[in-house]
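Multiple structures are listed underneath, in structure tokens.
Paired with subunit B in one complex and with subunit C in the other, subunit A is shared by the two complexes that follow.
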Partner chain A sequence: MSFAASTGAEQRSMIDVHHLAGRIMVYLLAFTAASVMGFPLVWMLICSFKPPAELIMSPPTFLPHEWTLANYRDLFVQTRFMSYFANSLIVASGSTAFSLVIGGLGAYSVSRFNIRATRLFSRFSLIAYMLPEVLLVIPLYFFLVKAGLADTLLALIIANTAFTLPLTIWFMRAYFAAIPVTLEESAMIDGCTRLQALWKVVVPLAVPGLISVGVFAFNSAWNDFLFALVFTSSERNKTLPLGLSTWIGQDYIYSWGMLLAAAVLITLPVLAFYLLVQRKLIAGLAEGGVKGG
Partner chain B sequence: MISRRTFLASTATTLLAALLASAPATAQERKTIRFLHNETDPPSIEFFNNAIAEFEAANPNIHVEMETADNDGRFQKILASANTRTLPDVIKVITLENYEFVRRGFVSPLDDVVDSIGRDDFVPEALTKIDGKVYAIPYTMGNNSNLYYRTDMFKAAGLEVPKTLDEMLVAAQKLNTGGNYGFIFPASNNRASTLFFSALMWSNGGTYFDKDLNVTFDSEATVKTLNYIRDLAKTAPEAIGSYSFGDIINGYLSGKAAMVLALPRLASALGANAPQLLADTGMASIPPGASGAGIKMVSTDGYAVASEKFGGKNQAEAKKFVEFLMTGDRPAKFALTAFPHLIPTLRSVQESSIEQGAKLIGGREDMARTAFNVSNSLDFSNEAGARIVDGKLEVSGTVNPYIGAIIARQVPAQVVQRVVFEGEDPAEAAKWGQEEMIRIVNELKG
Partner chain C sequence: MASEPSVRRGDILLAYATLSPAAALLILLAAVPSVFVVMIAFQHIEIGELSGRFVGFQNFLWVLNSREFYAGLWNSFVWVFGSVALEMLIGTALALLLNRAFALRGVARAFVLAPYLIPTVVAVLTWRFMFHDLVGIVNFLLIDSGLTDSPVLWLSDRRYAMLAVIIVGVWKFLPFVVIAILGILQSIPNEQYEAAQIDGASGWQQFWRITLPYILPVFVLTALLRTIWSFNKFDIIFLLTGGGPLNSTTTIPLLIYQKAFDDFDMSRAAAIAVVAFLVMGVLMTFYLLAMKRSEQNQ
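Now for the complex of A and B:
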């Protein structure tokens, strides 16, 4: 082999080694991050199958000596878990749907009708988003009581929608702005109304963005505690975070096993949802980041 | 194949139906009373559901809507509801907050209900009068000062059950070995820490206020107590700075602690989760301190009725429901939902609940009797000017309107943290606490 050829081979070999080392480093970091973030979830799952006496053992056992479904059984028999779950699903789904429809239409208007009023509105909605939830809860409660909506799931849907709308509008505005107007104009020339052009042309292109804000709105409403605490009072309208908190806030947790079982069941739908939409979600977040404002 | 339009329409219809079903029950021809509490153990919830069903069957014109929250959530809901004058008709209150509720007119006097139930049957320590009237019907007491100790560890070390606080410290130091902690207690910036400190301070002869409502925190008793806690902390886990009630219980259940001062909740937890550990556990009242008496921290929970002005529209029905909960076999049944943690406030109920409840804690009637012994006890609202005379507690009768704010701002807990974690001299910390309390009192006086 000539000197030049051997030097080139060495250089390629060094590049390959660097590349491999880089990939190993990335995978190691990813594994570490996943372990740190994932271990509590795995621990939660494993412990939900342990009997009460084993949960308080010191030193703790990793895998259960005795696997049991008693915690799940007690959760359904002794509490209104299914009622809380259904209420949370209704509130989260409702506020997500409202956020997408109202926020989507609002974002479309702001992006397409570039007049002073819409510009002011979009800035104002962002400022409104900066207000912390705890400042809004009492005034909102006054309003809901006067409207006769106290202790209803509709009150929670309205509150959660109001809380997520500003970010929905701001995020989708950037998304819609990046979609060429000419596409809608072509559709309107072919006989579509503006709404038909929005539905048939713009929305299919904006699906990744809609999924991103949908996931955010769902997550926010699913985990909401403060609005549920103040706006609802009866057992039949309680949501999951509030239902679980009644056990945590006592001087002693009645059953760690039931609490862990509940935590697993609360996490599963959100995890499944994320897994279903992860491709579109990543695309939506990435494209939202580069689309112009 | 369902079209997208049909799918969306049917989903929207389902949601709407669910929303309408969640609308609050209308009064129709029945009066609805709302009942807010934080007794959320599933057995307690079951008790209330059954009691409500019984009450409604006996009173077909009254519907009871139960609302539950955790303790902090309950207090927040009361404040939020009071702001809109929509308080639930019956609310659970603790003695310390009730003074403020009375001052603001949130609740109605209930002397007629007390007399219907039987005034003489109430444990004297349970009934609190504010301006000469009773504003909450006490339904349970919480004895925070039970000494749980590992009989097997004591026997192995050749130690006797501590008869004084000093003996308790010595025992903790000797048992702080072999991977075990001599004592576990809360030293966090929260109520648990304040209760622990207060019982020790009172047992050493100190009080927060005198009978004329002057702050007396900076005292020999306080400094002695802070020195004591600083030494005791050396036998405890390092994490006590974040411990609350549940952590003390869990710490003892782990089998690594020789002693704790805790609620009777620990006894019921031992019965339910660790029967082997229960067999190796003894229970006694808090040992006497420098005052010659062991003063227990006993808090009282009560049912209050919201005033008309703040949303209590059905006064008569609400009082009827409260009386119903406190009569018949219901007080005893309620006590059994977390035995012996929920101490009945009626003397006629206490003995029968001990007999029935002992089997829930492995037959340990001794534990139940110790927990139920609330003699020589103080709460924050009545501690002003309390004295120990010949080993017995004498209260001054002064109800303290200022202490609620001091406890809510965790001043005693902060004093403990300054000594235990920041190394401050106990005398300086006591002085700081005194100045802080005086400042708060002056703020309240305006």
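Now for the complex of A and C:
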């Protein structure tokens, strides 16, 4: 063996140097990755506090010379931001609730009853998951117009539910499958009906899974742009992404400051939601992922 | 007690009752529309009508003979493979890095994952601000560091628009790859590495012999999902460039949208959608075969 030539002490110090270089490398890479990935968001936050004139200065200032909340104030005074925000909240909460209840029940059925209908359904929902939004949006637009639902928030709730349902079903199916059937059986021996067993035994155990899939459903509806773009025509029913997108490209009418302030405010609920459920989310994802794989 | 309650044998009624709302919704909002799209692809539809006269393969012939379609397909190809390749490469590298133990790892993870959580419109807004020709920080840094003399017109020069779109896409979606690969990395039993160390395997050998085979199935699955989602992606490109300049970033979904809602030519839009879906199907089969092979190799 080659280390026969060197003494033990020499070898140990060489390993230490090698080890130290490795550690420094890890920190350097981690710092670079975090700053590159995080920079745009930090930049958005910092710039939202700059006065409008400072935002179009060249060269740009890093930290604001003068911190101001003017952009935020203008946003609330000069635009319909609050209305967009409320609409987005209604659409995202509505479709998340629908998706969890309808998708949760469907997933329960698929996980517990091995009949032809559930097998067929489970395969179909996977295909539905792969359909592009832009393909669905053409016929849905026709149907909504005929049904008199064009330009309503209900139309957006329905469309977003349809879009998140396959994910809910696939994820919750794996989650329910991991909950032992014997738990329900013993509840039923103790006198529960089937539905009571579902409600009192299965649902409480599935809460982490429901939370994580709920976060995804909420996030997806909160982000939705295409459905809102095609189905909404009046200013009154615009959601945040659609409302903001109409300001983009009109650099001269609305200042960058207001757009950045709006961007910060849209991000907050999503981040708050995420931080609130982070632990359960990761636990839910890990279980659903491992057991579903 | 007459008979032991068995959940699996259980009431068919409940099975159908719990299944039917989801089934009804998916049939109504996914199956029926899909069939409808295929149907109108074979018709000539006037504005505002639900159906029109049957024209056979005429719309498909138009698609296969139109330069727009092939230009869109090429743009989709560049967008999908450019962004997915970079996401997989950088995402896996970052997952390997963030899987190591170091101080403040939680903070580093949060920064790396954040772009995935923010709404697309926020990502687009921020990057449009950063890509601004005159006051954007990107051009400032490029000029300041001497990499270029004059500002790069990121979103309005057809040579750079696709690159800009890919940069934003990779930034926004590579955290998904990081999350997926981190998950599988954490499930590798530590004993395997310990045994390899006792046998004197180097870091590289451990990576090639243990880590890589272990993560490969998840890697392929993640690449498959990212490919499908990127191919279908509409909003990020539409909001960044609107498909321009000069259609240089018009991918297939944007082309479908333009045909359907700018030109109001639903039939041709539907025909493009059907052809694109078939292309996608071929791609998916290719991936699934690769996935099967990687599983057999394990």
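To be clear about the criterion, the second predicted complex is superposed on the first by the 253 of 293 C-alpha atoms of A that agree within 3 Å, B and C clash if a C-alpha of one lies under 4 Å from a C-alpha of the other, contacts with A are read in each partner's own complex, and residues count from 1 in each chain.
By definition in this document, a contact is a pair of C-beta atoms (placed from the backbone, for glycine too) under 8 Å apart; a residue touches a chain by one contact, two chains touch by 3 or more.
Model, not experiment: these values are computed from the prediction.
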{"item": "Side-by-side fit of subunit B and subunit C on subunit A, or clash", "value": "clash"}
{"item": "Superposition-derived comparison: subunit B or subunit C, residues of subunit A touched", "value": "C"}
{"item": "Touched partner set for A:S245, first subunit B, second subunit C, both or neither", "value": "both"}
{"item": "Which of subunit B and subunit C A:S93 touches, first, second, both or neither", "value": "first"}
{"item": "First (subunit B), second (subunit C), both or neither touched by A:P52", "value": "first"}
{"item": "Which of subunit B and subunit C A:L126 touches, first, second, both or neither", "value": "neither"}
{"item": "Touched partner set for A:A177, first subunit B, second subunit C, both or neither", "value": "neither"}
{"item": "Which superposed partner A:A150 touches (first subunit B, second subunit C, both, neither)", "value": "first"}
{"item": "First (subunit B), second (subunit C), both or neither touched by A:L205", "value": "neither"}
{"item": "Which superposed partner A:G106 touches (first subunit B, second subunit C, both, neither)", "value": "second"}
{"item": "First (subunit B), second (subunit C), both or neither touched by A:Q78", "value": "first"}
{"item": "On subunit A, positions contacted by subunit B and by subunit C", "value": "56-58, 137-138, 142, 230, 245, 248"}
{"item": "Touch list for subunit A against partner subunit C, complex", "value": "23, 26-27, 29-31, 33-35, 37-38, 40-41, 43-44, 47, 55-60, 102-103, 105-110, 112-115, 117-118, 121, 124-125, 128, 130-140, 142-143, 146, 158-159, 161-162, 165-166, 169, 181, 184-185, 188-189, 194-195, 219, 222-223, 225-226, 230, 240-241, 244-245, 248, 256, 259-260, 262-263, 266-267, 270-271, 274, 285-286, 289-290, 293"}
{"item": "Subunit B residues touching subunit A - in the complex, by the definition given at the top", "value": "12, 15, 18-19, 22-24, 34, 36, 38, 40-42, 45-46, 65-73, 76-77, 80, 83-84, 86, 88, 244-246, 249-250, 253-256, 263, 265-266, 269, 272-274"}
{"item": "Complex contacts: residues of subunit C adjacent to subunit A", "value": "1, 4-8, 10-12, 14-16, 18-19, 21-23, 25-26, 28-34, 36-37, 40, 50, 94, 97-98, 100, 102, 104-105, 107-108, 111-112, 114-115, 117-130, 134-135, 137, 140, 144, 171, 175, 179, 183, 187, 218, 228, 231-232, 234-235, 238-239, 253, 256-257, 260-261, 266, 269-270, 273, 276-277, 280, 284"}
{"item": "Residues of subunit A that touch subunit B when the two form their complex", "value": "52-53, 56-58, 74, 78-79, 86-87, 90, 93-94, 97, 137-138, 141-142, 145, 150-154, 157, 229-230, 233-238, 242, 245-254"}
